[in-house]
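Both complexes shown next keep subunit A, but they swap its partner, so subunit B is in the first and subunit C is in the second.
The block that comes next holds the complex of A and B.
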């Protein structure tokens, strides 16, 4: 089938290390789309892993809360990924002090995030880079998980995974200790930190560097002991860290003033140190928090960026 | 319409039948004998590289799929085939997450090819060629990540064997046979779990006292014609070149009596050779008969035929609306 080019690139909207992003149109349907043109020249190790992972994992996933990979095409020896056009992200909303949002809005964003994560995990895919900046917002209010450049299969038990994943502030304790085997629990930790950030409207665990991240994390949430996490002493760095007591419920209440008891329980459940005991997406989605009032805001009624 | 403003939609077809493969190779392989000879030495290079760089078998398997797939749609030239093989391995490392630096792969490749003095310039040139080939290889696979992703023969073989309660001996023999199966064109015809089923069946038939359970292949997401295709392909391989196979050198003591005759005997018992149904339209199949036109500006790769059909009917509606 041969016809006119299907995609037009209209405006460059961003440039990353391995791609240039354009806004464009899919001609046959007149749909607005984003085109990621993968840079192939100038890279010592050829085609970037992030590009490969993005195609690999998005190709077969279809879910309202996961970004859609519309097409893959080659043009002039360049690889192009056509993605849904999503103009805003959760970080912009959190940072924009002119936007007020309610507990019901937070519940709605968290619900959509958890649904997206649940879909990834039930397809045995770890996202490994969840943060507000990677939770994009569609014009109809739907939140979508994006940037699968660090994603990977859950892998078989004997495989070694790298612990150098997830943006620092959202990194789970097992990763801070350099674990070579981990599970979807690393994503759940990130969601917990994002939940906290939505309530505080500032980053919850902002470590200055990798060492500081360990300190910041345990100062806020308490240093894990081998009583609640028996494997902890197998990590080499464990003995060298400062011991902090876990925060009392009262301290949490004071830190998260507007949160209900159920909200606090859910957040704490996602921020359990021992990954085996941390809540999984199903436990979160069926938690009391989503049953109590207020109901989550309808996506179409969620606050939007005040565009000039 | 000018050639530079065109788009082409390619439907991914990761598996082809034997005749379809032959037809595609008519365009790309001028001398079958030379191709086969070089393929053996390219595969030897891949095996040696995997041993030296300590890659698991899945990395090798994926590289071998890429190599054979590449030459379905790209002209075979003897000079380039080792670079193609190296590039396939480099890409398969990314595919199965056993990542290695390009420099390590290039050095290993050149050394194993007996290049005595590996100069930095030689390395750089080789790197360049490998990176250039990488995208071409992916294009011949239509960027289809459904294959060679999480299922590999050696892994799934063990899982199926456990499920069917087959003995350790049967499974181990199957695992050895599967290594020979990697080098066959069967990789391009049926998915890995189907090859695993065929290999396990052969292994059961070779070991005294073991018997292949009479199962419905649909239980393992496969079917009779596909398993038969793999089964007969592997039997024929051993009947033709048992002496050159890796199986011969790796048989355990109690299985030393296995030889060509054993496989001839198995084939006799298996009855008429059967396999995948060959389609009638091979001579008019554009994917196989037309050489690829890389001048077309936009080459789109899709996984489902439904997508193409939907777009066609959309266009049809739009045209109607215009008129």
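The block that comes next holds the complex of A and C.
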């Protein structure tokens, strides 16, 4: 009840299908915060599923690399999520051509992303919408996973999951094939694509539509075969797709010019077609890439958006 | 392998194990542990306070009602005072328990997944840890809790088809949804013991490999799953963690099996002596388990005691308590009832009039419910 007066809504900064986002202040501490006001009217099924998921999962996570849910309150029959204020995201940094960043910077962002994903997965939570736009950046440089509107618990074996998740360019091959069972490996694929995008500064697998995404993905990384992914032929659409050979190491080196061998191995490990063989967060975090020089840039020293 | 790596390897391992966060650490970060763990005393106190608050409100409302109806006779006033009695904490618990049980059978009829039903029970019971049955009718809340649990557990059913199946209206289902969310302190994650059961089910077979019959284990699993749903209606969920509840249920199901398992798994002490040939053939449990087995057994036994205390409320009790609630909230209905009684007794010869429609308190949606 204190909450209603505790937070001020100062400026509308965004509007989505189910929420309006405001920037505001927490009065008692003068802390900058973001308030996500969940629209409640016009939803005939009551409170929207995305809002429920967001509240449900963020309440369980306290981690430096996951957005903090500061408070939740009701006002005028609206649900308000008070989140930490994160003024930038990784997509903005990637797209801003005036910003130069180094291999050490990329390593730092990837490290923070993987730590956040690891925290989700050890809590048995799948994010299911990892992309640069959902990796927010705090003023102190910390990267935080945000937007848990598509998150869910890891499914039990008998549960059917929907494959219609993750923004297209970051969608793992098992999802492209319409898998009804999948694991945290779908998030790892997204991280691999993000890693590639950080190195290329352009989207790595920009499919124009869902069909094209399959083509773009396999043209870049090779069409999987039942030799390295035995279950592949159980997917109905598998037989209809074009066959591409996987890229040679040399081709990868040419595409990712600045990447070290360890960087390439890590990226390729996250972009393994067979989800069972794809690297998990612990394997990534303990990989050679994070042991070799350069050391990841300290978050506070990472490039920031040039404030206008 | 060089000597250096041989020397550093154990050190490295020790470092990792000391730093690595355990599942217990993670559980302690969960909202279930942080917000919804209680001691028997603390939970009684909460329920007591809610009851006191709601009772005071009922008395206040009745006072206002009587003051605003000076025309009532002393007989009528007496009738109200004898009928519209606030319910006790114990009665609240009975009624909540009755409807919580109904959620389970209802979910069964709707073919909802076990976890959805369990979450609905959890939501419903937690709701009444900040609200009284005198403030919100359990009969109204249980549909809301079930529908909301469907959404929260990713098992979406449109409100219209839900209401149709539940034989209620969409408005009734959604009316208190926000109040429910608020009462849950906006925490929706539930860790139920079913996952732990599945884990122990697999581990028992591995630890007692070749010593247990697989068909029998399947039967144990099925029985335990059902027993867990029952245990979710007790306060064990507030005092113990999901795996502890699971172990208690397994202990209740087959004590010999569980003692044997714990002996091998957690190196449980020698108090349970096995025959000699067993101790020879059974490889010693790996001692990396830092779990204090005696302590664990103690915890499980106290959990078992709480689960065993379960009360199955009788329908008559639920009807009786609901009647009290009805009269408290609608004191006028006491007068209507009195009037009808007078009419039927004074005008015994005249054909029975259709009485003014008064909701009959016994009209619970319980016809299909077996108690």
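The definition used in the following text is that the second predicted complex is superposed on the first by the 303 of 308 C-alpha atoms of A that agree within 3 Å, B and C clash if a C-alpha of one lies under 4 Å from a C-alpha of the other, contacts with A are read in each partner's own complex, and residues count from 1 in each chain.
Just so it is clear, a contact is a pair of C-beta atoms (placed from the backbone, for glycine too) under 8 Å apart; a residue touches a chain by one contact, two chains touch by 3 or more.
Because the structure is a prediction, the values reported are computed rather than measured.
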Overlay on subunit A: subunit C relative to subunit B, clash or fit: clash
Which superposed partner A:45 touches (first subunit B, second subunit C, both, neither): both
Which of subunit B and subunit C A:123 touches, first, second, both or neither: second
Which of subunit B and subunit C A:62 touches, first, second, both or neither: second
Which of subunit B and subunit C A:156 touches, first, second, both or neither: both
Touching partner for A:6 - first (subunit B), second (subunit C), both, neither: first
Subunit A residues touched - subunit C or subunit B, whichever exceeds: B
Contacts of A:72 with subunit B and subunit C, given as first, second, both or neither: both
Subunit A positions touched by subunit B in one structure and by subunit C in the second: 40, 44-47, 49, 52, 55-56, 59-60, 72, 74, 77, 79, 152-153, 156
Subunit B partner contacts - residues on subunit A that touch it in the complex: 1-7, 28-29, 40, 43-47, 49, 52, 55-56, 59-60, 71-77, 79, 124, 152-153, 155-156, 159
Contact set on subunit A toward subunit C in their complex: 40, 44-47, 49, 52, 55-57, 59-60, 62, 72, 74, 77, 79, 122-123, 152-153, 156
Complex contacts: residues of subunit C adjacent to subunit A: 21, 26, 29-31, 147-148, 151-152, 154, 156, 158-160, 170, 173-174, 177-178, 181-182, 186-189, 195, 198
Subunit A contact footprint on subunit B (complex, rising order): 1, 5-9, 90-91, 94-95, 97, 99, 101-102, 127, 130-131, 134-135, 138-139, 143-146, 149-150, 155, 296-303, 308, 311-312, 314-315, 318
